[in-house]
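Look for subunit A in each of the two complexes below; its partner is subunit B in the first and subunit C in the second.
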Partner chain A sequence: MRPKSLFSAALFSLLMTFAIGSAQAAVTGKALFEGAAPAAEKIKVDADPKCKMMHPAGLEASSVIVNSNGTLKNVFVYVKEGAQGKFETPKESVVFDQVGCEYKPKVFGIQVNQTLEILNSDDTLHNVHSLPTQSQGFNLGMPIKGMKLKKSFSKPEVMVKIKCEVHPWMAAYAGVLDHPFYSVTDDEGKFEIKNLPPGNYVLEAWHEKYGAQTQNMTVAEGEQETSFTFKP
Partner chain B sequence: MAKPTPTLYSIAKTFMWFAIISLLLLGSLVAIVLMDHSREWKVWQKKFVAIKTERAKKELAEAEAKVDKKQLATLAERLKQTQMERKSQRAEMAKTRKELEALEVRFAQAKTHYQDQKQFQDSYRYYFEEYSTHHDPRAKEFQKKFQTISPKVAAAKKEQDDAEKLRDEKAAQLEDFSAKEKEVKKEIEKLLAEKRLVQGKLDRVKPTLAKDILNAPMLDFLKPSLQVQQIVLEDLYDDYHFAKTQKVDRCTTCHQGIDQKGFEDMPQPFRTHPDLDLYLGSQSPHPVEKFGCTVCHSGSGHSVSFTDAAHTPSGPEEARQWKKKYGWHDLEKWEQKMLPLEHAQASCAKCHNDVVEVPQADHLNEGRRLAAKFGCFNCHKINGFEERWKVGPDLTHLSGKVDEDWITRWLHDPKAFRPSTQMPQIFHLSNHQDAADRERDNAAIAAITAYLVKNSEPITLMAAPIPGNPEEGEKLVKSLGCLGCHSVGDAKGDSFGPELSNLGSKVGADWLFTWIKDPKHYSSHTRMPNLRLSDPEAAHITAYLLSQRNESFEKTSIPEVMPEVVDSLILESFQGAMRAQEARAKLDQMNADERLEFLGKKSIAHQGCFTCHAIKGFEDQKPIGADLSNEGRKDIHQLDFGFVPIEHSREAFIEQKLKDPRIFDRGKIRSYYEKLRMPQFNFTDAEIESLTTFVLSLTEEQVPLQMRKRLDLKEERVEEGRLLVAQFNCNGCHTFDGKNGTLRELTEDPGAAPPVLDGEGAKVQEKWLHEFLRQPTVIRPWLTYRMPTFGLNEKDTQALVEYFANLSHEEASYKGHPVPETTPEKLAAGQTIFNQFQCVKCHQLDASSAAMGASFLAPDLSLTKKRLKPNWVKAWIQNPEALQAGTMMPSFFVDGQTPLTEILGGDAQAQIEAIRDYLYHENGVAKA
Partner chain C sequence: MRSLHLYSRLVAAATFVLIIAGGLVTSTGSGLSVPDWPLSYGKFFPPMIGGIRFEHTHRVIAAGVGLLTLFLLFYLLRAEKRSWVKWLGGLAVAAVLVQAILGALTVKYLLPMPISVLHACLAQSFFSLIAAIALFTSPEWLTTERISVEDAPKLKRLAVLTVGFIFIQLILGALVRHSGNMKAVSAHIVVGFLVVLHALLLNGRISQADGIREKLTGHSLFLGSLALAQIFMGLGSFIYTHRLEPSEVPRLAEVLFTTGHQSTGALILVTCVLLTLRLFRLTAHD
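Here is the complex of A and B:
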C-alpha cells in the first residue's frame, strides 16, 4: 500500500470511529401481550424413547410463551429499514444447541456470514434442517452426543426456519441480518437495540405465531423506549 | 480561289448542336456512374466506419491515459543514458569488433582446414575398406595413410571448436555494449504495447485518402474498403419458382455489428445480435458463416436495400415511420417476407423437427403445447404430429354420465357451465347470427343430443357403499394429488385436466364414484389415472365434488326446435347428392325421431365432433380440418381474406382466424353447410401469438439432412419419453427435465412434495422402475400424495424407463446392477456406523421392524438392493441435498468430514462405502 492510501484509510477509520462514537442511541422496550395467555399445548415425545426419558410427562409447546408480567417472550425485534453502511461480521459465533429434544435458543439473531456453532447435547439423533429462501440451506445429521458443526447464512432473511425431521415438534427461527441492530425479547419481554446511530428507522417485531408488526421511529441520541403489543 | 461549296446546313449550328449533345451525353454518363456509385448500403457502411473510428479514438485516448507517463519519462531518460554510455565506449567497441573480425577469420580458416582433413580421412578409409575386401595389397598403404591422418583430423577439430568458442565469446562481449539499451527499448515497447495495438486498430478502420481513392467511382473495382458483404450458404437454395439458386445472405452489408460484441446499445442496423452464444458467434451452435440470417429471419437475403430485403414492420405505426424515413413499401411479389420478431422462432422447426420441444424456443414450444392441448392435431392433419391422442372425453357411454338437458345446454354454450373449459364454442358464432341460422343451430344441437343419447352404450355403475363426507372429500382432493391435473373451486391446481367445479350440476353420484374408482372402466383410453382410492375415500371425494353446483346454468332455458327447420336442414344436406323429389321421398320415409337422429349424425360429421371425442358410428371417419402441414409456406394469395380489411400477410391471417375463426365469412352469401366451421376457442392474445408462431413453423420445406439437427439413438429415446411425459402430465406433480412440477410448487414444504425426478435414471434400477410404473407401491410413507396407476402398456412403460435412463446418460439394463464387492471388516464397520448414525430412527428396515418411532418415515431400506443403483447410494449418502433439493435426509458427512473418527481411520469415503455395502449384503440386516 502506498503512503497516500494508507493515510486515507487511517483517516476513514478515524472518521468512522468518530461518527459511531460521537452519537449513539439505544432503543429499548417490551413486547406486550394483550388478552389471556393461551394454554400451552402438550406435545407427546414418545416417538423417541430418549426424549421420553428426559421428559416423561411430555413437553409443552414453546411457540407462544407469555411471561408472568404479561409480556411475550421470543419476539425478534430488529431494524427493518434505515440501517446504513457496511457492518463488520462479528468474530464470535452464535451458539445453537439441541438439548432435551429442544432447540436453544428458539429465536435468535445472527449476522450474515457470522459463524453459527451447532451443538448436540443429547444422546440421540437430531437433524438441523435450515429452510432459507434467499440462500443455500443445510440439513445436518447429528447422531453423536457432543458433536459440533459450524455453518453460516450468506444472505439476509427474516426469518429462517430451522427444523428437525426426527422430532417434528422441534423448530427454531433465525433472523439473519446484514447489520447488528436486533434483539430477542427475554423472560421479562424486554428487548434492547444498542449502538444505533441517530436517524429514521423502521422497526419490526416478529413473532412465530402472531406475525410481524412495524413502527416508524426517529431515533435521537440517548435511550428511547417503545413497545409492541401482540394480541391472540 | 474556289468558291466555298454551298451547304444545306450551317456548320456553326451543327457544331453547336454537336457540342450540346456531347455535353448531354457526358452529363448522362457522369450521372450514370454517380448513380451507380451511390448506394443505400454505402451510407450505412460509412456511418459504421465513423462509429468504429470514434470508438477506436476513444479507446486510444484511454490507452494513452493508462500509460504511466512518469515511468515512460524515466525509461526515456534511461534510454538516453545508455545510448550515451554506448557512444562513450565507441573506441572500445571498435576494438572488440576488430578482434571479433579476426576471430571470425580464424574460425573460417580452422573450419576449412578441418573439412579438408576430414575428406582425406574419409577417402583413405574408403579405399582401405574396399581393397581389404578384395584382398588388394594396396590396402596396407591406405591403412597407414588413415592412421597417419587421424590425429591430424582430431587436432583440426579441436582448433575449429576453440576458434568457435572464442568467436562466440567475443560476439557476446560486443553485444554487451548495447544490451542495456535493448532492454530499455523493450520495456518502453511493453509500456506502449496496448496503445500500439489500439493505434493499429484505428489505422485500419479510419477513413484515409488512399481508401477514398479506392472507393472512388470507376476505381472501386480494384479493392474498395466499402463493399457488399455476403455469406454464401453452400447447402441451401432459394426457390424462385422453376429456378433454384444458392442461398446468399447480404444482410451483413448493413448489419455490420451483428456478430460483434460491443454494439448492443447501437441503433439498428448496427446493433449486436441479442444472443451471440446461441446464434452467429463462432462458438455458438449456429455460426454465421454456416447459417447466415434469412434461414431464421426470412426476407430477401440477396438484396441490399432496406425495402428489397423485405423488412417487416412490427405494426402500422412502424410501417408509417419506415415509409417516411426510408421510403419503405410492402414487397407484394416476395413470398418470404421477414418474420416479425415475435414469430422468428417459427424457423427453428425447419431443422429441429423431431423434438417435442426445441431448446430455448419457449414461444414455439408454448404454441405446440397449446395446439396439443386444444386438439388442433385432432381436426387438422399436420405432418410430424400424427401420433396424438383425442383430447375430448370418450362419449361412448355418455348417457351413463350426463342427461340430455345437460348435453343440450353444454352445446349451446360450454363456457356458461365452465368458463375455463377447453371445449370450444361451436354454435351461435359470428357467421350464424341471423334468426334463421339461430333456428338451424338450435335444431342441430337438439339433433346431436338425440344422436349421442340414442347411440350411447349402457354401462354398469357402482354406488358408494357409505355416504361421503364433503369436508373429508375436500381434504382428500387437496392431499392426494388431484391438484396435479385439476383445479377445484378455490384450490388452484394444474390446468391439464378439466376444472372440477360445479360437478353437482353435471354428473350423478354413482357415475362419479365409479369414475374415480376406476376411470378406465368408463373410458378405456382415458388419460385419467387410477389413484387406487378406497371406497370411503371415493365416497368422500364424490360427496365433495357434487356439493358444488352451477345453478344459473341449470336454469338456462332450452329453445324449442321447429320440425320444419329439422326437415329443411335434412333436405339441404341431400342437395347435390340427389334430386329434390328423391330427397323429399327419403325424408318422408323417416319419422320424427329418425329425422332428429339422422340430422344429429349429419351435424356431428359436419362439425367434426368425432375428431376430439370417441363417438359410436364415427370410428373410421377422417378429420375435417384443412391439412396444415405447409401452412407456414402457403402462398398468400391462396389464403381467403374475404372482405376483412386486414394486412395481407400469413401472420395477420392466422391471428385473425384464431381470434374469430368465422370472420372471413363476413359479407359473403353462403348456405348453412357452406359456412366456415372452425369453432371459437376464445384464445387470449398471448395464446394467439404463440399459436401463430407454431402455425408459421409448419413447412414442408426440405432442409438438407446435414443442416438439420439430427438426433442420435439416445436423444430419440429421450424425445419419445418426452411425448409420453406430456401425454400423462408427469410435470403436473414432479419437477424434472427443466420443468417445475405444479404440485411440487404448490407444496410449501419441499420434503412433503412429490419427489424431483432429475437424475432418476442414475438412481433407480430399470427393472424396478418398470415394475413401479406398471404398479406403483408406496416408497415414501410420509407423503400424502399418491403416485397414480396410469395403466401404461408395455411399450409406453419401456419407453419411459429408457427415457429416464437416457436422460441421466445411463445405459438402460434390465439385468440388474452388480452388488459391490466388499470385506467382512467393511461390512462390520458399515453396521456400526449404521447403528451410530441411528438410521433406523427414520428408515424402515423390513416389514417386521417398523422405524423405531420417528414421526416421519423414510423409504424402506430393504428396497435398496432391488431399487437403487450402488453408485447412486454412495453419492446420496455423501450429499443428499445435491441430489434432491429440500430432502428431509440430512447430511451426515458435512463438508466431506465424518463425526466418527475411530472407524475405518476416520476416512469419510471408506465409511460411506461401508454403509452402502452393508445395505447391499445378505449378512447385513438389510435382506433383499
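Here is the complex of A and C:
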C-alpha cells in the first residue's frame, strides 16, 4: 500500500472510531401491567398522631401502583450487563425526603459514592435504616423537621432497601450502580435511559412486588423502544 | 426467708413481662426504631410513637428488671445462708450485664443475626435462672423430705432430656425468628414434635410414679398443656410469617401469634426446668 493510501485508511479508521465512540442512544419504553390492578392495602397510621393528622383516613400501600393507562409505576430499569468503562461520580446529590410519613421518591437510582441527601420534611421523628448487603448499612435518627443528613453507598447493589422502623409502612428502594444507565418508571409507566453508547446490553426491570425480568438488547444509535410486562 | 422467696417470684414475673416486651419488639419489627443506645433519640423518654413505643418500653422494663436483679443479689447476700445460691444471684447480675451489652450491640451493628439469637437465648436462660432461685428459696425446697421413687433415675433422665430438647428448640426458634432460614424452620418443627412428645411422656410417667404423683402431677400437667398450646401458637405463627402474603405493617394476629409462641416457649422452658429441679429435690438418692 502506498503511503498516501495508508494515511487515508488510518484517518478513516480514526474518524470512524470517534464517530462510534461519541454516538449515543436512548432506550425508552414502558413497564406494562397485565391483569386486574390489585386493590391497595389500607394502612392505618394511628401509631403516630402527626401522621394521623396528615392522613386522617390512613394511607394506601404504595408497593404496587398501577397507573390509569395500565402501566406500572416505580419499576427500576437499568443496564445490568454491558456498560463498559469508568463513569464519574455525579457531583449533584440524590435528594431523598421523608414527607407526609412517606418516602419520596419510593424507588430511585444512585451511583456508587454519589451523595444521598436525606431530608426530614415532617414535623415528626423518623429513623432511616438502610439494609445493603454489599455496603455498610446505616440507621440514622432524624427527630427534627428540616434536618438533613448525607450518606452514600460504596458498592453497586440492586436493590438496597431503606426503611423506617418507627413507621413500619415506610419503605423505599435504591438501585446502586457504578454507571449512570438507569431510570424509574413514572406516572405513565415510562422510563428513559439516555446517553447509552451503541452496543449489546442486558436490561433488567425490577419491581418491589413482582420481581425482576431481563432482556437482551442490541442498541444502535438513536432512540429505541422496548417494554417489560409484569403480571400479578 | 419467705419474703426473699416472694421477692424472687416477683423478679421472675417481671422477667416474663420483659420477655413478652422483647417479643413484641421483634414481632412488630421495631428493633431499630431507636437508633441510639443507651439513650433514645438522646433522651430518657422519646416521643412514644410507632415502633418506639415497643423498643423504648422494652428498654425501660429491661432497666427495671436489671435493678430488681441487682437488689435480688443484695437480698441474697444479706438473707441467704447457702453460698451457691448467692453465686446464682451473682450469675444473674452478670447475665443482666451481658444482656445489656448484647442489646447495645444489636443497635450499634443493626441487628446482626448471631447477636439477636444470643440475646433471645440468654433472655430465656436468665428467666430460668431467676425462676430457679425462686424455687431454691421456696419453703418446699427448704423443708421437703426426700421420697423413694421406683425408676427415679429413668424419670430424671427423661426430665433432663426434655429440658435439653426445649433448649435446642429455643435456639432453633430464635434462628427462625431472626434469620427466617427454611432449614431452621424445618428443624424447629421436628424438634417441636420431640418436645411435645417428651413433655407428654414425662407427664404420663410422673402421673404413674407413686410418692411424687401427688406433688408433681399438677406441674407436669401444666407443662403438657403448654406444649400442646404451643403447637397451635406455632402453627399460627408459621401461617402468618411463611404462608400469607407479607403486609405493609405487621398484622395484629401475626404479632399476637409470634409473640405468644415465643413467650409460651419461655414458659415451657421454665416450667420444665423447675419440674426437673423439683424431681431431683424430691426423689431420694439411689
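Everything that follows uses one rule, which is that the second predicted complex is superposed on the first by the 211 of 232 C-alpha atoms of A that agree within 3 Å, B and C clash if a C-alpha of one lies under 4 Å from a C-alpha of the other, contacts with A are read in each partner's own complex, and residues count from 1 in each chain.
Here is the rule we go by: contacts are C-beta pairs under 8 Å (C-beta built on N, C-alpha and C of every residue); 3 or more make two chains touch, one makes a residue touch a chain.
From a predicted model like this one, the values you see are computed outputs, not experimental measurements.
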Fit-or-clash call for subunit B and subunit C when the two complexes are aligned on subunit A: clash
First (subunit B), second (subunit C), both or neither touched by A:43: second
Touching partner for A:116 - first (subunit B), second (subunit C), both, neither: neither
First (subunit B), second (subunit C), both or neither touched by A:79: neither
Contacts of A:167 with subunit B and subunit C, given as first, second, both or neither: both
Touching partner for A:203 - first (subunit B), second (subunit C), both, neither: neither
Touched partner set for A:61, first subunit B, second subunit C, both or neither: second
Subunit B versus subunit C as contact partner of A:149, first or second or both or neither: first
Partner chain(s) touched by A:140 [first = subunit B, second = subunit C, both, neither]: both
Which superposed partner A:159 touches (first subunit B, second subunit C, both, neither): neither
Segment of subunit C that clashes with subunit B, given the candidates 135-143, 189-197 or 243-251: 189-197
Doubly contacted residues of subunit A, that is, touched by subunit B and again by subunit C: 47-49, 124-125, 127, 129, 137-141, 143, 165-168
Complex interface listing, subunit A residues touching subunit C: 41, 43-44, 47-50, 61, 63, 124-125, 127, 129, 131, 137-141, 143, 164-169, 171
For the subunit A and subunit B complex, residues of the former touching the latter: 46-49, 124-125, 127-129, 137-144, 147, 149, 165-168
Parts of subunit B lying in touch with subunit A, wherever the complex brings them together: 751, 836-838, 841-842, 852-856, 880-881, 887-892, 894, 899-900
Subunit C to subunit A touching residues, read off their complex: 28-36, 41-42, 46-47, 49-53, 55, 107, 110, 247-250
